[in-house]
Every structure is written in C-alpha cells, then in structure tokens.
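Next come the structures, one after another.
Same chain, two partners: subunit A is paired with subunit B first, then with subunit C.
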Partner chain A sequence: MADFLQLLVAGLATGAIYALAAIGFTLLWQTSQTINFAQGEFVMLPAFLALIAMNLGAPFPLAALIAILGAMVILGLTFKLAIVDPLIKSGPLPLVISTIGVGLLLKDGVKEFYSAEAQPFPKVFPETPFSLGGANFTYAQIAVLGVALAVIMALNWFLAGTRTGRQMQASAQNPTVARILGINVNRMIFYTFLINAILAAVASLLIAPSQFAKFSQGEQLGLAAFVAAIVGGFNQVRGAIVGGLVVGVADNFAPTLLSAAGLSSAYRQALPLFLLVLIILFRPQGLVGRKEERAI
Partner chain B sequence: MTMKTLGSVLLTAILAVLILAPADLTGLGLPWGGFRRSDIDVLTLWLITAIAAMGVNLIVGYAGQETLAQAAFLGIGAYLTALMTKAGYPFVAAFLASGLLSFVVGILLGFPALRVQKHYLAFVTLAFTVFAWLVFRNEEWLTGGVTGIQNIPRPTLFGFRSKPALVYYWFALAMTVALALVMAWILRSPWGRAFTALRENAIRAESLGVDVRTYTLLAFAIGSAYGGLAGALYAPFVEFIDPSPFALGPSLLFLLMVVVGGMGTQAGPFIGAAVAVLLQNRLEILQSSNPAFAHLSYLLVYAILVMVLMAFCPTGIVGLWQRITAPRRRPHADDKGPILGQVKS
Partner chain C sequence: MADDFILTLQDVVGGYGRMTILNGTTARIRRAAITTVIGPNGAGKSTMFKAIFGLLPVRSGRMTLEGRDTTNFTPRQMLDAGVSFVPQGRNIFAELTVRHNMELGGVALADQSGLPRRIDAMMQRFPILAEKAGAQAGTLSGGQQKLLEVARGLLLEPKLMLIDEPSIGLSPLMVQEVFGILKALRDSGVTILLIEQNAKQALQLSDYGLVLEQGQTRIEDKASTILADPRIAQLFLGGGLAPAAQ
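Now for the complex of A and B:
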C-alpha cells in the first residue's frame, strides 16, 4: 500500500506536467485546428532559455521569468505569425508538416548551438524525502504537483471567470457566431498561442530538474502530451488534465506492471501506445470527451 | 507531338541516363568514366528512399492520411530480410515476405486508427514507430540490439552476383521501375481512381458508393508494404543494420520529403527523395571538409527548407514547377479569380 501511494504521487507529479503540455496542445487544436507536432520541442526549449540566462549570470527566478517571456515571444508570437498565419488557409496538412519542421529546427538548433549532451538543471525544490504513513515522498514532488495544479486552476479561472477567457471559449466553439457578436477572434487565437507558450515553459521548468535538459527530450514529452490529449478527449481542456494524470501515473507504474508481465522495463516508453490503442478501440471520444458529430 | 508521347520520351531518356550514367563507358569507346563508388551508393540510397516515399505518397497524397511510421516499416522489411537471407532463404522470398508482413502490420495498425477521426492515424503510427524501435533495440536474441546484424549478403539473381555497387544499383533501379509501374497501375485502375475521389471530396466519394474506410485502410497497408519492400532492398545494400535508421526522426523525414517533392503526384516521391538524400550527402561532405560550416547540419537546413516551401508553395516542388510552367504552356483564365457576378471578397 505504501509502495502504491508512493508511485501514485510520483505519477501524479509527472502527470501534472504532461497535463500542462496536453492542455496547450488541446487549446491550439480547439481554437485554430493547429495540430502542433512540435509540442514536445516546445516543452524542451524553455529550459534551455533559462540555462542561457543563468550562464549570463541571472539568478534562477529571473532566468525562469526570462524563459517564460522568451517562450511567449518565440513559441507564441513568432510561431503564430511566421508559421501558422501564412498556412492556416491552405488546409491542415501543410500546417502539420510545417510544425514537424519547427520541431526539427528547435531540436537540431539546440543540439548544434547549445549542446548535444544532457544538461544538469538547478534543483529548484529540495529533493529531500519525507515519510508519511510508511510511504516516502520528496518535497520536490509535492511542489511540482502544487505548482502545476495552481497553474491549471489559474487557467481554468481565466477561461471561465474572465471576460477574455469566455470570449476565447466562444471563439473556439463557434468562430462565426463569436465574430458576429463582436469578438476579435484573431486576437483570441493569438492569446491561445501565448497561453500555450506559457504552459510549455512552466512544464519545461518543472520537468528539467528531475530529467535534465536535453535536445532530444521533445520526442518523449510530445508523445506523452499527444497521448494525454487523446486519452482524455481531444476536445476538452479537462480531458487533457485527466489524460495527463493518467499517462503520468501509468508511466510510473509501468516498471512494476512490465516486470509482473515478464517484460523488460525498456518497454516503458511503449506504454503510451497501449493506452492509445485501448482508448481508440473502446472509447474513441476519450475518457471525459464528448462525441463529435460529423459536420458535413 | 502530344504531351503524352513527349512525356514517355522524356521518361525513357531519364531512364537511359539513370542506367548508363554511373557506368564506365570507356570500354564502349565513349569518353565517360562513370561515377565513383560512393556516388553510385548515393544513387542507390535515393532509389530505395524513393520506393518508401512512393508508399507514403499513396497514404498522404491520395488517401489523405498522415503516416509517421514509414521508417518503422522500412525496419520491419530490413530486419526480416536480414534474418531470412542469413538463415539461407532466397532473397526473393525475403523480399516478398517483407512486403507481406508490412502489409499485415499496416492492416492491424490502421484498422483501429481509421475507425475514428482524421489525424488519429498519425498518432497511432507515431506511437508504433517508438514501439518498433524499442523492439529493434531491446530484443537482442532476434535483432542483435544496438550492435545490430552484420554481414547481410547481397543477393545472387539469375546467376548474377549483385555484390559490386554498380550491379546492386542496377538491381535497385529495376525494382524501383517495377514498383513505380505497379503504383501507376494501382492509381490508374478504377480502384485507384477511388483514392483520388476520396482525397478530392471524401463525402461525395462516399455518397457515390466508395467505402471510405476500406479504401483508406488498403491505401495505408499498401503504402506500408512499399516501406517494407524498400527495407528489404536496404538491408543487403548497407550490409549492416542497427535500429537507428528506423527511429521516429527518419519516419518524420519520409513524410516531409513526400510533401516537399509534391504529394499526390507520381514524380513527387522521387524529387522529394532526391532532395533529401542529396542534401544530406552534400552537406555532410561540406561539413567535414570546411569547419566554417560545422553547424550547418542537414536537419537544420532541411527543416528551414520545409517551412519556407510550405509557406510559399504547399504543393511542393512539383507544384512550384507547375506554377512556373503552366501559364506559358496553356494560357487560361485565373481560376482563383471571381466568377462573373460574384463579388470579390
């Protein structure tokens, strides 16, 4: 039981980070039908922005702020203006291809111009363990979980409780009607890109201390975010939250499950595939998603 | 001369150049020494890449789906061929088995994915590529793990040993032409025309009696089989395989090269593969010979090329070519212009 609790909390901590990435992914899809295949690289990059700032002598809080602002400029503003806007009219496939290009560019850019090695990242929260009911946790886990949940709650409040947030939701649900009602849909889409950049940056800063920062990290993070979004339900923000937590928990239980099934723990990375296939076979609309009617 | 005969004359000429150019023709009294071995190998790699890209083109350009698993299918074909030929089976059996296995895996993978909406196949194939790579890397008893499989024999066909680079190139060329003809036949048959109908307007095609799901599934499976067949040619070509060419990165590149070349056209995969293979080869030579270009990595250049091309010409190089040549060949009214009586927005 203590082991179970321990793995569960560790899984929720990772899962909350995946959820951040998955929410951004879902938001982009909802408001602009952008499938961002570079989402994993979006989560990889901000940690390097923070590292660059720290190499220039910035203390960690300032570096974190620079990483978030840098992400908003590069992954929000520039991505929207240079990649998405010129392509949105030529259908979904060229945009998908271009986001794959963006992913390659970010990945190889970091590899060529920063380093191909995994970079240690400062431990923001103490890794000291504490014991509760026989199970061992670290303060870092609890802090990561807390920060991620706080960000998610702030986002929820923004989307549901502010005028701008509601306008964004309206723009996502029915852009035509939103436009008729006087909402600047384009600006709302732009806000979505900024929010996605912030979420990616927070996820990046939370995951970097425990996993190091590496140029190739995006592959695994991106896969986790895609699967989280689909498992939860592609069209729902809360789906992405549930999906992220499920993927994170499953990821942490994977070694135990795999060894029980007599398989090598090297297959841990394959777990998203099984989750994905199970969901697609038995509940294609996702755990908490709605069925989408086909619009002719 | 009609366009059609002009086209076939051009194709024959290209084919003749492809057959003769790499060979040493001084024996025939011609002042042409042929290509260096390394350049012949680049050509062979281009052909093998083009076969896999033809498969991606069927899936993306005709059936309108996205596949991110072509390198994994290449891997399935390469490993199966390596294992079978090393166990003493003839190459032809290994080649056919590679195509068949990829086809079956394609059906198993596509069936659940295509039940749902668009883009799900992309995610399922993405996950599958990761899984296939893990199997190639971890099942050491079968695949040799990271050390891979060595000394894969090049086949002997009709008494000819294909060990020399030039002979293997000719062999790959013959297979490429055969597979391109099969693809052209598929696309021209009534059955293949349904693919085009699907891509142009899926709902209309469905209402005319085309079973969208079955056709899309078959397109995916056939396209994947082309990946397996390309893999079967790849293993004896490199004579040594390990998991790295079959990872997610190369799978993404296959998708990109088809779009770069021009998806939904039969020349597209060949042009896209040529750009990808040549760019990598030339940049690697440039990088190693000139330290000023040390950071000019292939992926970096390629990624920028893809993004620029998508922004200015999403129909790829073939589309770019058509855009340049079309107005001169047959002048016509601007089809994007307003129709009479329609207000230009």
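Now for the complex of A and C:
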C-alpha cells in the first residue's frame, strides 16, 4: 500500500507536467487546428532560456521569468506569425509537417549552440524526503504537483471565469458564430498560442530539476503530451488533464507491473504507445472526450 | 414612407471560391417591416445573408445600409452599423451557460458597462431564459436555444436583423412563439429580413416578400401579392420563372 501511494504521487507529479504540455497541445488544436508536433521541444527550450539567463548572472526567479517571457515571444508570437499564419490557409497537413521541422530546428539549435550534454538545473524545491503512512515522498514532488495544479486551476478560471476566456472558448467551439457576434477570433487564437507558450515554459521549469535539461528531451515529452491528449480526449481541456495524469501514473507504475509480469523493464518506453493503441481501438474519443460529428 | 429602404443590394455577385451563387442579386428592403426571402433550395438565400453580413466576399455590385456603402464590411462593422445575424441551425455555445451565451452577444457593444443591464432586460423579456440563466445552453430545448439566439442577437438593439430559417426543427407551437416575437420586434421598429422554408406561413406573417431563384431576384412585392401569385406554386413545384419585368 505504501509502495502504491509512493508510485501514485510520483506518477501524479510527472503526469501533472505532461498535463500542462497536453493542455497547450489541445488548445492549439481546438482554436486553430494546429497539431503541434514540436510540443515536446516547446517544453525543452524554456529551461535553456533560463540557463542562458542564469549564465548571464540572473538569479533564478528572474531567469524563470525570462524563460516564460522568452517562450511567449519565440513559441507564442513568432511561431504564430512566422509558421502558423502563412500555412494555415493551405490546410492542416503542411502545417503539421512544418511543426515537425520547427521541432528539429529547436532540438538541433539547442544542441549546436548550447550543449549536447544534459545540463543540471537548479533544484528550486528541496529533494528532501519525508515519510507519511509508511510511504516516502519528496517535498519537490509535492511542490511540482502543487504548482502544476495551481497553473491548471488558474487557466480554468481564466477560460471559464473571465469574458476574454469565454470569448476564447466561443472561438474554439464555433469560430463562425463567434465572428458573427463580433468576437475578434484571430486575437483569441493568438491568446491560445501565448497560453500554450506559458504552459510549456512552466512544464519546462518543473521538469528540468529532476530530469536535467537536454536538447533531445522533447522526443519523450512530446510523445507523452501527444498520447495524453489522445487518451484524455483531444477536444477537451479536462481530457488533457486526465490524460496527462494517466500517462504519468502509468509510466511510474510500469517497472513494477512489468517485473510482476516477468517482462523486461525496457518495455516501459513502449507503454505510452500501448495506451495510445488501446484508446484508439476502444475509445477513440478519449476517456472524457466528446464524439465529434463531421459534416460533409 | 413607401420608399424608405434600410438596405439595398445592387447587382451583387458572390459565392464560395470560384462558384458563383449570387448572380447579380438586387433587392430593396423596407424599414420597420418583415421581408421574407423565399426560393428553391440552392437559390442563394443563405448566401445572400452571408454576403450582406460580410461573411462572404462580394465580387462585384454594391450594398448600402441607410444609404451608406457597406459592401465587404466585416461582421464586426455590420454589428457596429446596427445589423445582427441569426444564422441557420444551432448557433449557441453548448458548454457555456445561457447567461454567458447572452453576454457574448454584447462583445461589440461600445459601452461595456451597460451590458449587464441589457442582459437583465433581455432576460425579463424572455422569462424562460432567466429561469435557465445558469444552465448550460446545450441543455435547452431546440426552441429555447433559438429563443436564446434571437435574444442574443437583440442585445445590441439592432435596426436590422437577418434571421435564417428560425423555425427549422421547432414544434409548431414554438414556431408560433418565434413568429410572434418577430412581429413584436417589427412593431417596435426593427426591420426583419427572414428566410423561411415554410414559405406560406412566413409570407402570411410578413409585410413583403422576395423571391430568389438562381441567385437573382425574380419577384419583389407585398407579401399578400406574392401569396396570391400563381407563379409561386409553379416555382416551388420545380418550374422556372422568367426574370421579373423591371
């Protein structure tokens, strides 16, 4: 039982980070039909922005702020203006391929201009363990979970509780009707790109202390976010939350389950893909997603 | 008064991509009256509304609202000019509450401080919406949703309202209610431009009628005259019409 709790909390902490990335992923899809295959690299990059700022002498809080603002400019504004806007008119496929290119560019750019080595990242929250009911947790796990959930709650409040947020929801649900009511749909789409950049930056800053910052990190993070979005339901923010937590928890339970089944722990990496296949076969709309009807 | 036109279309040409639907549409819509646009499927009725409201580019021709050129205005400019549009089908945001749906109708309002008061007034006018104010709009019946759309469209107190097929999918009782609302609006000075599948019923309620066929206006007359015109029956039975004599 103690083991179970321990794995569960560790899984939720990782999963909450995946959820941040997955939420951004679904927001971009909902508002602009952008399937961002660079999402993993979006989560990789901000930690390096923070490292650069710290190398230049900035204290961590300032570096974190610079990472978030830098992400908004590079991954929000520039991505939208330079890649999405010119390509979206040609349909989703050219854009999807371009996002793959953006991912490669970010990955190799960091490798080339910063380092190919994994970079240690300041441990903002203490890794000191504490024991509760026989299970061992670290303060860092709890703090990561807390920060991620707080950001998700703040986002939910913004989307549901503010008029701008509701205009964004309206633009995502039915852009034509939104335009008919006078909503500036393009501006609302731009806001979702900014939000995605912020979420990616927060995820980046939360995951870097435990996993280090590495140029190739995006591969695994992007896959996790993608699977989380599909597992939860591509068209729902709460789907991405559920999906992120499920993927994170499954990932943490995998070694135990695999050894119990007498399988090599090398299969752990295949687990998200296994989940993906299961969901697509048996519940294609995702765990909490809506079925979508396509008008022809 | 007879020549008081709020909206005019002059040889409007437009469509989707390269496809031309409006083929030189000309119309003059009278102020503070209900005008129903009828015509067979594919005649360009909905396309005409979209072109008027700026949802579709007009390739040539000219449109005026109260004498001012509004050709290729954006929807936002049309709203600011006093026109609102209730399109065909379901146009509510199902996951938002009734009140929040209504509130989105006020996005274009210049003075946002007056919005809550306007919403409350609209809720009073449609008590069923007040009753369901906190419910998700998707839980409303089809008729209530249409009511919500109309109420939302009225929030800006438009001079002209374009309504495309409001009765589709509604019970006969609800259709009567919606038509009753349109009449009351007309009586309060709002101009209504309506598309209705149920042409006969709509013309009975209307002051004027406009028969559209193949993107061109065939007849523009008093509703009662159109109702009595034997050619209308012929049109809806599939026969063509010669262009109306100018």
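Keep this in mind: the second predicted complex is superposed on the first by the 296 of 296 C-alpha atoms of A that agree within 3 Å, B and C clash if a C-alpha of one lies under 4 Å from a C-alpha of the other, contacts with A are read in each partner's own complex, and residues count from 1 in each chain.
Basically, contacts are C-beta pairs under 8 Å (C-beta built on N, C-alpha and C of every residue); 3 or more make two chains touch, one makes a residue touch a chain.
In this text the structure is predicted, and so the values were computed from the model without any measurement.
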item	value
Which superposed partner A:Ala154 touches (first subunit B, second subunit C, both, neither)	neither
Subunit B versus subunit C as contact partner of A:Leu181, first or second or both or neither	second
First (subunit B), second (subunit C), both or neither touched by A:Leu132	neither
Which superposed partner A:Pro284 touches (first subunit B, second subunit C, both, neither)	first
Touching partner for A:Ala266 - first (subunit B), second (subunit C), both, neither	first
First, second, both or neither for A:Leu81, with subunit B first and subunit C second	neither
First (subunit B), second (subunit C), both or neither touched by A:Ala2	neither
Which partner reaches more residues of subunit A (counting touched residues only), subunit B or subunit C	B
Interface residues of subunit A shared between complexes with subunit B and subunit C	none
Touch list for subunit B against partner subunit A, complex	60, 64, 66, 112-113, 115-120, 122-124, 126-128, 130-131, 134, 137-138, 203, 248, 252, 255-256, 259, 263, 295, 297, 299-300, 302-304, 306-307, 310-311, 314
Residue numbers on subunit C that touch subunit A, as the complex places them	53, 55, 75-76, 79-80, 85, 87, 91, 93-96, 100, 103-105, 107-108, 152
Complex contact set, residues of subunit A against subunit B	35, 82-83, 86-87, 90-98, 100-105, 107-109, 111-113, 219, 223, 226-227, 230, 264, 266-267, 269-270, 272-273, 276-277, 280-281, 284, 292, 296
Of all residues in subunit A, those that touch subunit C in their complex	163, 166-167, 169-170, 173-174, 176-184
